[in-house]
Structures are given as C-alpha cells and as structure tokens.
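Below are structures written as structure tokens.
Below, subunit A partners subunit B and then partners subunit C, in two separate complexes.
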Partner chain A sequence: MSFGMDRATIELGGRRALDEVDLEVTTGEITAVIGADGAGKSTVARIMAGLLGPDSGTIRRPHPDSIGYQPEAGGTWADLTVMENLSFVASAHGIGPGSGRLKELLAVTGLETAGERLAGALSGGMRQKLAVAMAMLPRPEMTVLDEPTTGLDPVSRGELWGLLARVAGEGTAVLVTSSYLNEAERASHVVVLDEGHVLAAGTAESIRASFPGELGVTGAPPTEGVPSWRRGNTWRVWAPEGGLPSGARATAPDLGDVVIAAALARREP
Partner chain B sequence: MWAMVIKELRQMRRDRRTLAMMIVMPLVLLVIFGYAASFDVTKVEIAFPQGQPPGLALPDPFESVDTDQSDPVEILQFGEADVAIDSSGPKPVAYVDGSELFTARAALQAFTTAAAAGAPIQTEVLFNPELDTSAVLVPGLAGLVLLFVGSLVTSLGVVRERQAGTLEQLAVMPLSPRDVFVGKIAPYFLVAAFDMVVVLTTGWLLFDVPFNGSIWLLALGALLFLFVTLGTGVLISTVSENQGQAIQLALMTLLPQVLLSGLIFPLESMAAGVRWIGYLLPLTYFNQIARGVMLRGAPFEALILPLGLLAGLGLVVFGLAVLRFRAELAPARRSSVKVAA
Partner chain C sequence: MTAVLAESDGVSRSFGANLAVDRVSLSMTSGEILGLVGANGAGKTTLIRLLLGLERPDAGNVRLFDQPPTRATRSRIGYMPQTLGLYDDLTVAENLSFSAGVFGVDPPRLDDDLARVADTTIKAIPLGLRRRVAFLAALAHRPELLVLDEPTSGVGPLGRADLWETIHESADDGSGVLVTTHHMDEAEQCDRLVFITAGRLVASGTAGEIVASHATVEATPADPPAALESLERAGMSVLPAGRHLRVPGASLANVRAVLGAVPPLSEQPSTLEEAFMILARAS
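Up next is the complex of A and B:
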C-alpha cells in the first residue's frame, strides 16, 4: 500500500512552505525527506500526520487512528515515566495493559531497564527511542517521525535507524524527516526539499546517477562564474554542460554534490 | 556595558507584550486605583418594611429603597438593602448587614452621629456582628484561589503541552477534542475544588468565619465560577506561545478581579466607569454568592441574579475556550485529503 501527497502546496505565515510537492510512502519501506532548516520537512510531516491540510493538491494517508506520529519537539511527556508514557498512548488506542505490546516495545527499543525512569531524565537517544516506541505502539499503517535523529550522537543515530528498519519490517510505511544528508543512504526512497520545492527524489543511487554534467576537484578556489562549492579542504567544480576547467580532476559526485548542484541550478537557472 | 544596554533595549522592543505590560499596566493601575481604591461609602441603602416612621429624617449617606418584603432580616438576607428599619416595636431598630463591612461601618457611624443630634435609634449588626474583616475577606479569597488555579495553573498546563510538542501528539491520537479538553481540565477542577474546601475550612477554624447558608448553593456558585476560570485559563493558553506569556496574560486577568470585584474595595464606592468593569468580572459575582451564602445564609432565590450572570459568563468564556481548543486540536482537514483504503 502506498500513501503520500500529489502536487501539495501550502502557504504558512504568508510564505509558500510547500510548492507542488510529490511524495510516496510505501508499506514496509522508509521514505526520508531531507532538507535544511526551513526546507519544509516538518510541514510535510505535519500534513502527512493530519495536523495540516494543504491549500491544493491531494493527500493520501491512512485513517487517522492508524497513523503513528512523533513531532519535532519529541512528543513525550517529560514528567511521566517511560512506562506511563507508553501506557497512556496504549489506553488512548484501546490497547490493554495485558496485551504484551508494551513489554515488546521496551525490549525492541532497549528500554527494559528504564521503564520506571522519567522521560525527562532520559538521554536524548533514549528519549527518541521512547518517542518512536510511542509512534509504533498501535501498529499503525503509517508512521511519521519528524527529525528523530536531530541532536543525537552517531551511535544513537545508528541505533535509531535500526529501530526504524524494524518498524518498516513490521509492515508499516515509515516517513522520516532529517537534515542529515548521509541518512538518505539508509532510506528506500528519498525526497530532497529546498525552500518548499522538491530538488531530487528517488533512491539514493538514482539521485546520484541523476547528476547533470561533470564534476571536478581542485585544490584552489576556481575562477569566478564557474559553479563551485567547498568540500573539506578542496573545491568542487561543476560543469553542467560538460568540459571541466583546466586543473580540475574529474570525480564521481556523492549525494551532497547532487543536492548542492540541484539547489544552485534552481536558484540560478 | 553600552553593548549590553543596547542588546536589552532591542530585546525589550521586540517583546511587545512585555513592553505593553510595562507601559500600559502602570497607567491602568493608576486609573483603577484612582477611581476604584476608595473605602469611602457615599451611599447606604435603607429599607422601611413598615414604612418610614414620621419624624425620622434620613441623614447622609442613607438613601431609601422600596421593598416588598416585610421581614427586615429577610431584606438584608436577600441583599435588597444595607440597612432595614424595624419599626414594629415601641422603638425603631436598625438592622445593619455586617457582610458589607465598609457600608455597615458607614451606617453605624451615621446612626451614632444622628443619636448625638437627638435622634436615637437602636442598631443591631447581623451576619457579622463584630464587623470582622476576615469574615468578609475569606469567602472572596476562596474565589481568588479558584481563579489562581483555574486561570493561571490551567493555562500553564496547556501551554507546557504545546511547548513540549505533546499537544500535537494528542491531536493525532484517537482522542476527540472533547476527551482531551475535559481530561485536561478535570484534574485542575478537582484540585481547585479541594483548595476551596481547604481555604474555607481554614477560615472557619482559624478566623471563625461563619457558614450560615447552604453548602450546595455555594458549591453551585463555585462550579459556575470554575467554568469561567477554567475557560479563561484555556483561552489564555490558546493565545500564548510560551509559559511567560501565559503568566503575563493570567496576571492581567487576575489583577483587575482582585481590585474591582468588591473583594477589597466596595463596588458602590467606585466611579461608575470602573464599577462597570467590575460588573463584567466573574469574581464580582462569586464574591456576592460566597458572602451571601456564608455570612447572610442567603437562599437560592436571593442569589439568582449573580448565579445567572456567572452562568452566562461561563457559557461565553467556556464556549470560546472549547472552540479555540478544538480548532487547535482538530485542524482543518480539507477536501483534498483522501483516506487511503
């Protein structure tokens, strides 16, 4: 089954937050919406969760009772324990304490020993795992997680992505937003947003393959007028029509290069 | 140092609500205090159920009022007048309503002056014979506690949910806005009710505040008042982005109620314009109900007006709060949304 949005447009606070955005979220797969701050990631998440309606376009989502959601701010109650947080969500979904689902989720998220700890006293990684557990609890058809990895250390991020793979494995369509481009590699489908526009969409592989023209590396700043950007202590030089400037060594673009090139192309057509 | 001063000024300029509070509030307080802060009673309503005895001139500040009642005690119980003259005996007796402290004191002062001028009249203070300040203040203070819990604490509770992102979490959970609304305010309702019982019991034990009326009637008044205050709390929360703003707004609703509800300054002593603000405030009516029930033992019929006005205010404020809360929890689901089968 597939959920998503077709040509979704919405204005928020006098600004076009999304402009004709298409998105597919498929059962058993993870779709990652990647973008910088203000790109429209949270707006996509909130629309898919049912918190916002677009001005135009079509939204395809499951019944509201079958959507799991983790808001950007976390969505856990800091002054309730881990178990109390889960119990509350469970009772709202009509899941009894004897169903075994809570213990199962505590085990899956590695929070078995933290059941009696206050959510506010957990580390960032543990708190995010709790938030994901709360979103997973009713076995929703679609789970929307808004920046679950922001602020986490690399180990916690890795663990959390492992958890998301498990959620998808349970037969849920998972939509994750993130500002970390390297996380796109872990998703089945990627949508890169820039100022409310879709810059690139597809698998990480297909996005990489879509790079137009040639990319080169130089050790010094290129001459003015040549599209370029800094990566570490070298410079990337982009020749959209091919034909790299002299001194530039050809290189294969990574996902970051593709996104930067697409953003440059959109802003300076 | 100048950099620090300039930074603070810039921040202050952008925090419009705090700036307005710093500039407007002193002006508002000055006007309110100027027109409302007066203990001078200029009018004492006096009733003559058996007719005004011949030769009894009414000195200032007495003003005669008509009444259908024949029992002077009932006249005071129903709040129809501040003083009722019983002239059925050989010597007229002036019954003074002690639940209105400053009015009672002004009446007694006027009778003392009249007696010195050769017009002796026997006086008897009812409901609060010692003219005890705490007896008059405690019923209203119970209302203030309800106001504090209902408006300030409730608004903070809802704003905290929004700041933590849990209000969005609630919005997507299979709970109706009604479930969330009622579930959110019910605990505050219980705490406020418990607080009120504690305040009244403490007032009774420590300050000998009497309780002459029906506890159920007071409970009804408190219930209606709580609806207004809880509604105010939720309304404040829907227009506040953070807890600081909620506290500011809650204080802006609390302060006028303390000053203009008749809790401290008699409403009759205030300038007309300020007095009418007082008539729009829920604490004004709870104060009348609480004093009426506790001190005067007023029956239901005597309190229909403040109960009715409180119910009207409750309907408006609570209704607005429900609408705003629903809008926040159940955003528009537009026609372009399809529920995938």
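Up next is the complex of A and C:
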C-alpha cells in the first residue's frame, strides 16, 4: 500500500511552510524527508500524522487508529520507566498489559534489559528506540517519526536505522525526517526540502544521477561568477550547461553537491 | 609558517570511576581544520576542556600556544557553542559590539547580508544568519585558535556552504580550527579527523585515509527484513541502504555464510559513518 501527499501546500504563521510537495510512503519501505531547520520537515510529519490539514493538495493516509507518530524530540515520559511508558500508550490503544506485543517490541528495540529503567535515565539513542517502540505499538499501517536521529552520535544513528529497517520489515510504511543528508542513502525514497520546496526527490541513486551539467574539482579558488563551493581543501565548480573551466577535473557529484546546485538554481533562476 | 597551537601528550582525566580521557596525544597546527568525532559521552568535551586549560589532567601534559594553558592564553581562543551564545533580544550590531567589547577590540565589519539586518534582533533573523553572527563574534578578537561545536547544524544548503567558505578562509588566514561534530558532511570539510571512543583516540587522518582502511559488505537479498534479522542474530551491525543491506566491517565470507549462496554480495569502501561504526565497535 502507498500513502503520501500530492501537491500539498500550507501556510503557517503567514509563511508558506510547504509549497506543492509530493511524497510517497510505501508499505515495507522507508521514506526519508531531509532538510535544515525550518525546511518543512515537521510540517510534513504532522500532516501525514493527521495533526494538520494542507490548504490545498491531496493527502493519502491510513485511518487515524492505524498511524504511529513520534513527535520531534518527544513521545516519551522521563519520569516513567520504559515498561510504564509502553504500558501507558498500550492502554490508550486498548492493548492489555499482558499482551505479547510489549515484550515483542522490547526485543525488537533491544530494550529487554531496560524495562525497569526511567526513560529520563536512558541514553539519547535508547530513548529514541523507546519512542519508536511506542509509535509501533498498535501495529500501524504507517509510522511517522519526526527527527528520531537528531543529536544522536553516528553509532547510535546507525543502530536506529537498523531498527527502522526492522520496523519497515514488520509491514508498516515508515516516514522519517532527518537533518542529516547522509541518511538519505539509507532510505528507499528521499525528499530533500528547502524552505518548503522540494529540492530533490527519488532514490539516493537517482538524485545523484539528476545533477544538471558537469561538476569539477579545483585546488585553487575559481574565478568570480563561476558557481562554486568549498569541499575541504578543494573547490567544487559547477557548469550547469556543461563545459568545465580549464584546470577543473571532472568529478561525480554526491548528494551534498546535488542539493547545493539545486538550491543555487532555485535562488538564481 | 605553521605553528603548533595546541598539543596534548598522554593526557588522562577521570571523574570518579569514569575514565573520561585515556592517554590521548594529539596536536593541531595553525591553518588546520581538525575535526573531533565520537559517540556521545566518548570524552570529546573533556578533551577540549583539557586542551583549553579549563580542566586539569590527572596525567600527561597539555601545551597551548607552546606554554601551559593560563587565563591569558584563553584570550587567544575563539569559541562558538552549538547554542551560539548570542542575546536574542539584542540586535545583530549590539551583539557584536558587546562581544568585541569584552575583548576590548572594535566590532567586526559586516558583510552585505549582515549589514541589512544590523538593526534587527537576533531572534528575528534566520538560523543561517544567526550562525554567521556567532561566528563573527567568535572571530572579532582575531583568535589564533577557533573552537566550533557543530558550526553548520540546522542550516540550509546555501547557508551551510557560505559558512564553510568563511571557516576555510579563517584557516587560510592562519587560524587553527577545532570542530566537534556528528554531521558527516561537516567531518568531510575538515583537513584531518580524530575519532574518540571511550576516552581513547582510535583513529586519526584525513577522511579519505580513515575511509580507505575500512570496507563494508553490501548485500542485495530478495527478502531484506529476513536477511537483516539473520545477520543481526549472527552478531553483525546492519544498515539499510534502499533495497540493499550494508554490513560495515564484515567479511564477504561471513556474510555469505549467513545469507547463503544466492544473494549478490560485494565488498565496497565504507562511508565515513560506517568507518566510525566499525572503529567504535572494535573498541
């Protein structure tokens, strides 16, 4: 099954938070929405979770009872234990404390031995895993996780993505937002947002392949007027119509290059 | 000419029973952007505090600008915390004038973008510009050593590119820049990376060097969830990658033994993040 939004537009606080955004979230797969602060990630998450309606556009989402949602930096109670957090949300869904589902989720998230610990005493990574478990309790058709990896170190982020893959494997459609561009490589579908606009969308592979023109590398600052950006000790130079300046060595663009080029193209049409 | 700005030689520091920094030796030179990467709680903050003289080592030596750290050496350091350290209710110009005043120097000159918002309060300008103000504030007294904590976190693609341009320019002008980060795209901007895990320095080199010494097996199984479960049950860390699975640090033979003869496997260079996962796991 597939959920998502078609040409969704919404104004919030006098600002266009999303502008004709398309999105697909498919059962058994992970869709990642990636962007900076204020790009519109949480607005996408809240619309898909059913907390907001767009001003225009079509939204396709499951019945509200079948949506799991973890809000940004939240979803758990610090003063309750791991098990109490899970039981509380379970009771809201009519799942009894004796249900095997709780134990099953503790096992999936690797929290079996942490059941009696206070959520507030967990590491950031463990607490996010608990939040994912709570969103997964009712076996939702779609799970929406808003920035589950923000602030986590690279190792915990890797573990959390392993968990997301297991969650998707349970047969739910997973929508995850992130501010880390390299996490685009982990998802089946990616939408990169910038100020409410879609800068790039597709698989990580198709996004890289969509780079317009040619990209080069130089060891010295490029001449004024050539679109360029720094990468360590080198400069990337971009020839949108092809034809790199002399001295530039052609290179394969990565996701970072595609996103910068797309943002430049949008600012300077 | 490059000079050694900060140097630690076998430095250790414990808090109670917790050995936060364990015999770390490193040095950073002028003109260099050094990235410090590690898990939360790995000891990055303690190491920086030791290098800056805000914490005294239990063992080993620290030298800052070729002398033991003192209050006086601190005035040669610029610091931009992740929370930026700006006053939300003051304007851009007032913030810069205040921070320059603390060091007894003139406020920095504003570029065109910042000049347009000079009289706007910090809370009313976008995050990318706020980060640029914080960066200017940290630079106002022309520090020889800059310490930046996730300097471009949360900033959009163009704002991020602008900020890195400015950071590289400071290094080109001779400042040493120490960056702590969890963002792999920030780590890739650094000249050299140091990876800390459980208080110890476990890898050091350019991003290219660190990546080159690690490999990841990529598998394309017909049933990725089942394959993922089998690999994890065999004790391997597995990352999804679209319709593939990536197993950092595993050997082809071990993955083959778990998944059987059918799924296509290939050994590929690790990404920087995968290299860090391998290093953290090994320690």
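Everything that follows uses one rule, which is that the second predicted complex is superposed on the first by the 269 of 269 C-alpha atoms of A that agree within 3 Å, B and C clash if a C-alpha of one lies under 4 Å from a C-alpha of the other, contacts with A are read in each partner's own complex, and residues count from 1 in each chain.
Please note the rule applied: contacts are C-beta pairs under 8 Å (C-beta built on N, C-alpha and C of every residue); 3 or more make two chains touch, one makes a residue touch a chain.
Because the structure is predicted, anything quoted here is derived from the model rather than measured.
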Subunit B versus subunit C as contact partner of A:200, first or second or both or neither: neither
When both partners are placed on the shared chain, which of subunit B and subunit C touches more of subunit A: C
Contacts of A:92 with subunit B and subunit C, given as first, second, both or neither: first
Touching partner for A:51 - first (subunit B), second (subunit C), both, neither: first
Touched partner set for A:154, first subunit B, second subunit C, both or neither: second
Touched partner set for A:267, first subunit B, second subunit C, both or neither: second
Contacts of A:73 with subunit B and subunit C, given as first, second, both or neither: first
Where subunit A meets both subunit C and subunit B, residue numbers: none
Subunit A residues touching subunit B - in the complex, by the definition given at the top: 1-3, 46, 49-54, 56-65, 67, 69-78, 89, 92-94, 134, 141
Touch list for subunit C against partner subunit A, complex: 37-42, 126-128, 153-161, 164-165, 168, 182-185, 188-191, 207, 224-226, 228-229, 232, 237-243, 245, 248, 271-274, 276-277, 280-281
Residue numbers on subunit B that touch subunit A, as the complex places them: 163-166, 168-169, 171-175, 331-334, 336-340
Subunit C-facing residues of subunit A, complex: 28, 30, 35-39, 123-125, 151-159, 161-162, 164-166, 168-170, 179-182, 185-188, 194-195, 199, 203-205, 229-233, 256, 259-260, 262-264, 267
